[in-house]
Amino acid sequence: METIGHLIGGQLSYQASRTQDVFNPATGAVAKQVAIAPKATVEEAIAAAQAAYPAWRNTPPIKRARVMFKYKELLEQHADKITAMIGAEHGKICHDAAGELQRGIENVEYACGAPELLKGEFSKNVGPSIDSWSEFQPLGVVAGITPFNFPAMVPLWMFPMAIVCGNTFVLKPSERDPSTALFIAELLHEAGLPAGVMNVVNGDKEAVDTLLTSKDVKAVSFVGSTPIAEYIYSTASANGKRCQALGGAKNHAIVMPDADMDNTVNQLLGAAFGSSGERCMALSVAVAVGQEAGDTLVAKMQEAMAPLKVGECSDKTNDFGPVITQEHKDKVVGFIDSAEAQGATVVVDGRNPVIAGYENGFFVGATLIDNVSKEMDSYQQEIFGPVLQVVRVDTMEQAMQLINDHEYGNGTCIFTRDGEAARYFSDHIEVGMVGINVPLPVPVAYHSFGGWKRSLFGDLHAYGPDAVRFYTKRKTITQRWPSAGVREGKSFAFPS
Amino acid sequence: METIGHLIGGQLSYQASRTQDVFNPATGAVAKQVAIAPKATVEEAIAAAQAAYPAWRNTPPIKRARVMFKYKELLEQHADKITAMIGAEHGKICHDAAGELQRGIENVEYACGAPELLKGEFSKNVGPSIDSWSEFQPLGVVAGITPFNFPAMVPLWMFPMAIVCGNTFVLKPSERDPSTALFIAELLHEAGLPAGVMNVVNGDKEAVDTLLTSKDVKAVSFVGSTPIAEYIYSTASANGKRCQALGGAKNHAIVMPDADMDNTVNQLLGAAFGSSGERCMALSVAVAVGQEAGDTLVAKMQEAMAPLKVGECSDKTNDFGPVITQEHKDKVVGFIDSAEAQGATVVVDGRNPVIAGYENGFFVGATLIDNVSKEMDSYQQEIFGPVLQVVRVDTMEQAMQLINDHEYGNGTCIFTRDGEAARYFSDHIEVGMVGINVPLPVPVAYHSFGGWKRSLFGDLHAYGPDAVRFYTKRKTITQRWPSAGVREGKSFAFPS
Amino acid sequence: METIGHLIGGQLSYQASRTQDVFNPATGAVAKQVAIAPKATVEEAIAAAQAAYPAWRNTPPIKRARVMFKYKELLEQHADKITAMIGAEHGKICHDAAGELQRGIENVEYACGAPELLKGEFSKNVGPSIDSWSEFQPLGVVAGITPFNFPAMVPLWMFPMAIVCGNTFVLKPSERDPSTALFIAELLHEAGLPAGVMNVVNGDKEAVDTLLTSKDVKAVSFVGSTPIAEYIYSTASANGKRCQALGGAKNHAIVMPDADMDNTVNQLLGAAFGSSGERCMALSVAVAVGQEAGDTLVAKMQEAMAPLKVGECSDKTNDFGPVITQEHKDKVVGFIDSAEAQGATVVVDGRNPVIAGYENGFFVGATLIDNVSKEMDSYQQEIFGPVLQVVRVDTMEQAMQLINDHEYGNGTCIFTRDGEAARYFSDHIEVGMVGINVPLPVPVAYHSFGGWKRSLFGDLHAYGPDAVRFYTKRKTITQRWPSAGVREGKSFAFPS
Amino acid sequence: METIGHLIGGQLSYQASRTQDVFNPATGAVAKQVAIAPKATVEEAIAAAQAAYPAWRNTPPIKRARVMFKYKELLEQHADKITAMIGAEHGKICHDAAGELQRGIENVEYACGAPELLKGEFSKNVGPSIDSWSEFQPLGVVAGITPFNFPAMVPLWMFPMAIVCGNTFVLKPSERDPSTALFIAELLHEAGLPAGVMNVVNGDKEAVDTLLTSKDVKAVSFVGSTPIAEYIYSTASANGKRCQALGGAKNHAIVMPDADMDNTVNQLLGAAFGSSGERCMALSVAVAVGQEAGDTLVAKMQEAMAPLKVGECSDKTNDFGPVITQEHKDKVVGFIDSAEAQGATVVVDGRNPVIAGYENGFFVGATLIDNVSKEMDSYQQEIFGPVLQVVRVDTMEQAMQLINDHEYGNGTCIFTRDGEAARYFSDHIEVGMVGINVPLPVPVAYHSFGGWKRSLFGDLHAYGPDAVRFYTKRKTITQRWPSAGVREGKSFAFPS
């Protein structure tokens, strides 16, 4: 059975304190093993990154960018291989995996603009014949810790920009689907990246803590659940590192009475059930304003959900795949159970899907729950499964209050045709990423990704312009040349 | 005896758990009392700020900026009063206090540009007929905690920008010289600021901890010593706030053999002894490269220091004043003693200055110490007094290594005529603010202030462009209008 | 009778080849004379500006900006005097003149941000140890030629930004209402501007041509009618100057069936009749989509226009004042006549207003014309009077085609509640300034003003960010220091 | 014999009013024919571009950018073919042609950043609930007219950025070496560009005038000689187009007494003789400050020039190739003759090089002329050949005056080690592109290229950030939503 190892200083390594099973979630079978790095291996990766840093830092930004130009080509050439890798370990359908990869590549494209993005500000004559300017210099070694749900995209949010800014990198991907990150890291060398600039270690909490406490790691980017994000942020901060830690979400869509309802339903289908709802931007709550909008929405959703197909990743006719583990399946089903028990109406029930030939897979079918209320466990917590809950309210103000009261503030959306409603919503909602008739308002790669409230810890958002700022530190130089030596023909003897 | 109180919701308040002496450092006498706020008073200030927030947030940026335009006028009108206030409690000479105030006003001037500074980025067609843009929205209530050494300037680094970005503010100034902050805060109301937007509380650790743990305080800016900065940063971070905490410094100047030596000496005088060296940007170590440069530097410094006058703040012929307290004087003298004991040469000795009529003042004279080495206590720690130490090295690389090895990385400078030396230095030195023949490379208000290493905790620097980013949070909106209703003449009936 | 002169090198001058009458348009009487500068006087002004240039260019931007901070204070202090001046010569009502002045002051406020706005871009390591940066240096002497309709605002669009960028300025204001420009130019000196940096000459075509052909004038900003704008642009261009020349307009509002009709009517009143329609952004054509919208609009407009009062400037109860001259009154009335003759319906007729006590004033009352069509003279040309014409169409596409077919493309607006209609309109309309429910979409001072098609000749718009670019030229410096002389301790003897 | 045709609407076309010889300048033989387009053919190209415009304009910027990503790959894949094409018609040595292509590709790389570069500015709350933002929309059809000396690079300065901004393009390359432009234009289609977005026409003045006067061409970019640039600029401007026209140059290097002389000589060799001096940034005048610097410079240059080899393009050991035509060779030789006749000293004489096997080629050898003075014809005019002239002066001020007095202001350089001299020079020299120890200070692709004085007509420089601004027009939208219809549950019936 194949074992997934580490990439350190340009070489594969298989050092392990232990190994851990990697499942195929569609079959439920163990497919591979992943090497769990001991502390020394993580330190070795950090040391490799530190050793590669001085030369990489001094490489002109345009040359660093050209590695990314080539890297984009290579990712596109290997797209089928990568999407198959994602499918085999994560379970998402190939077209969805292709979408994930494409979103990741967009961050590589943005990183190609490094020479533009790294420009500092130059001020002539801040005083008489005194000039001042800023430079954005790299930090050194930076680390990324990434989740299972986007094994290609989330790493690609981080390392292309970190690297193109002149840093070197240590990535700890999710140990549940580790192959993809390792493969795309190796491709960087084919693109011309010097050995040691990019390193990957697989591991568990020991690896994480080694990264968080190493004096040579200058910054940490994290994406995962809120409790872990909070731990990462406070630990990294207390260890003198800069940190951005992205956590959980509960993304609501307000459905207004004037919404184009067919479009709304069509949008919600993908946003709620795509990738089995295992997305931090998954649209998991629809808040219908008014009795009629709610009734129409539920009726049309029920109808639209009927043909949805859940199944194995390589079959393109499937709409979404299994969830990541049996434990997670149990948790999702438990939330549906609890909603039912607490008085909600399960309109479409995906608790017991039958997938011929994949009876042991971790499948949950698309589920629609109506009459959900604020107090229910399924409302308060992140389900991370293919479950759309409908909450009924009378007014838009009530809908907005619901959202603003939730502990998370990642994404949200309003469906309406009305300019005023859209503007009022986007202005006053306490959420970092807002959609107007866009249910998954993930910012494009040239903007930045980040939630508010307990969905993100840190000052700066992920990728885009904020990433440039996160992965560099400002240096300000003030310069005056005091005497007109050679210009006025004076001879200054050097001490001999 | 006058008691200095608080400013809460536009009203002066004198609630106190106790009062504390405020000295006139030139006479050594207790001049005033300051009210130390109990927890409840700090919470009242936070509540006042929270109450003022919604209306202030919705005030257009140009109207917020106009308060700052008017505020600049008022600060200039009251400059003499403010500089006298600073002198009476801090001790710095009036021309130095005027310089401090001017530097503070420059931040008000920068804040007047809020409409320009708050612009977000707009992207047309991120997809077909989909647009996306970013907004920089205020955070809510933010707090500033400021040190004794710049009682006007450091608060002015913070609250003008925080307020103009739409936040409301609670300032806790140093309890050693609290009058100035209170006075300039009151002036804001004369400039048209609504009550509650700006609040001041005097207090001690209880006040600080109340600010750091309040759920309604969204961000904290701090300037002070490194141990406190580290405490502030980790506590604020662990409480879910964004934080920037600026700490101590040890600022070196490299004196190259080709430097214009008369200019160098002239620059060092002000940079080392101005404001009694109680500046986080004070130039406290000169690193002379080569025997001849060192000998010349020490000889010329000794000569130039002879006429320096230390004394009371209102006498413009004085060059600098007392240090802030008797304890601090003892500490500074102790560092000189230790350097001498550890083998350095005290070339000019300021330990026992005689200031006629001010025999009980906290005065230390300008002191020059040669042959200082890396191991000495006086080298490793921040003295914060009018003491310039000279270290001798053979090469520029040695000089740079010395600087890069120090725990602090606030400011530094090189004196040279050589373009290559200057560029190499500014590129490779691990310090946030770099001067080329500029011994106090404090960035102008339209750049940002921040050290590296243990001189600053946080991602973003103080004032300037970084302050805009620190005092706002990014929201990204993605918008699509799905159907051409009214444009194509379709009639959509609203639910009735 | 008072004669209005010139301001040259800080001194008033009354050199004149002839003088010309300045009228009070409310009474129709000649109120003052204006000196018409001969060529030599204009050359003297250019020479004064040229002489002042080197010192002003080298003045740090922050010091130049501080003149503008003070200037803003002074303009506000003298606001009543300035609005009275505008009223006496232009005729607009005092509240309207106050609005004009305020809009002008906003450009002074923006100019205060010069240190931020003039920042160049700094690129470290464009090659190994090679840096490159841009600087935006002033041009030298620049000229402004401004129209009668905004005697304060349009000059304030130009000279504050030109001056704060380091240029010196020669202004030729309209000879019909020349007092205001002269007065506000003099105020600059009180604000601390050195003599010669700002100069004003009154004159006619000879003055204009002298400016356009002088080798020392580096740029020309013009606002006026399209034929003159075209002449100015081609002449200045052929003489090697940069030029921006803003011309005429025909600003349409589309009124959609879903518009909030009461708000629409309320907005149109001010946009069509304010300042007698003598604004390049006046809303002079309403395009109603659908029979019902058109009928409702005309009926409500007719009703809303009934209480409108035309009269003398100092009476605040008046809504608007006279037009600028008798000739212009005749022209406006002629357009109404022609529309009527060509088949349009004059719904509200302002051709013969009776203004008690001002029987000789140049008054035209608010006029509403329905059923206007594309072929009519009154549609094709700019009326520049208090006349709103209504065109009826069946679809939004027809309305947009009408606008896109017109030779002008200055401003336009749509009234709707529908997000999709607004977005489609703003994307596809061939007009430079677009309002969504904003009938006078004049960009705020921190954006830029400019029409498309034959409404503007030149690459860059007026005021705001574009003005910074217009009034400066880019210099790009690339720097490498080839040998590590002093750093490596090498001794380089200078030739002696 | 091969005939070079046009590319119109994605198809090759050979319409011709006549054909013209294309020479191989190394052999002097006619190698190909080029079709000279009649007016109708040019109009056809404009029409094809106009037809392709609406769809291309509406293509999202990221999709337009992806064509450029692919295009970069293709240009790199075909690099050998392209450099051979350049060599065959222009004569430059293959390594020099490769450098040209690389510089061109850098502009493609920059164009890949279109989504970032096209961002507009978004202002929330310019008034209460009113927002305003800017968009940079494409112009329509734009034209480029390019010179013989960089048959790949100068077209690549223009069309990638114009196209990525959403415009469609008509290129008229030099008819002396037309193959390269046609080939690289064809490659665009392989990269995915829709037919008609890019078009190429070969032609003469008739073609140029057709482009300059067509109402459908919205902007013209030109690079060539100053008299033609001036004609292009004034004609295009008078025809209502935006235009940037880059003309001639006379680029001086000041050699200071403290310069690293070996480095200086080494730099000057390539800068003066590379590409036979047929570059608008060629360094053609060295101004030596002081007798000793001048003597050393001339002696070392003479020595360094001895091994220079002139010859055929495919031989990599050659340093440079022939000039473009026999007429041009005669002109260059004539300038050397005239300098000699007017009193200068021809130190190294390249007038009669013997190139075995290429006796009829248009070769001129590297030439060094000392003691040149301001009055000589060879100093006043652009030679555009492999000729370096040395002027002797006593002071840096004299050297700078010489440069500032010249009609051209394209590029310049100073060789010095002294920071003050470099800063004074770069600040006060009236030249657009300045080098500090960089003899060819061509800005990198992410800065912009442009001279001052009579070296450039227009407001905006070529390529880089200025190109984005040149190839787009600003639209400013101001938006308010007047009534809270659907949000407050009001029912608005549409007219039926």
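Chains: A, B, C and D, in written order; residue numbering restarts at 1 for each.
In this text, a contact is a pair of C-beta atoms (placed from the backbone, for glycine too) under 8 Å apart; a residue touches a chain by one contact, two chains touch by 3 or more.
Quantities reported herein were computed from a predicted structural model and do not represent experimental measurements.
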- Query: Using each chain's Cα centroid, which is most distant from the centroid of subunit A?
  - Reply: C
- Same or different: do the copies subunit A and subunit D touch each other through matching residue numbers, with over half of them shared? same
- Query: How far is the middle of subunit B from the middle of subunit D, if each middle is the mean of its Cα atoms, in Å?
  - Reply: 48
- Task: Return the distance between the CA-based centres of subunit A and subunit D, expressed in whole Å.
- Result: 42
- Task: List the centre-to-centre spacing of subunit A and subunit B in whole Å, with centres computed as mean CA coordinates.
- Result: 36
- Message: Please output the residue numbers of subunit A that touch at least 2 other chains, ranges allowed.
- Response: 62, 115, 119, 121, 123-124, 126, 134, 257-258, 290, 416-420, 422, 436, 444, 446, 479, 481-483, 485-486, 492, 494-495
- What does subunit B use to touch subunit C in their complex? 62, 65-66, 69, 72-73, 106, 109-110, 112-113, 115-117, 119, 124, 129, 131, 256-258, 290, 395-396, 416-421, 423-424, 427, 444-446, 479, 481-487, 489
- Quick one: in the complex, what on subunit A touches subunit B? 121, 123, 126, 130, 132, 134, 233-234, 237-238, 240, 242, 257-258, 260, 263, 290, 292-293, 417, 422, 426, 431-438, 441-444, 446-450, 452, 454, 457-461, 465-466, 469-470, 473-483, 485, 492, 494-495
- Across the complex, what residues on subunit C touch subunit A? 58-62, 115, 118-128, 133-135, 137, 416-420, 422, 436, 486, 491-496
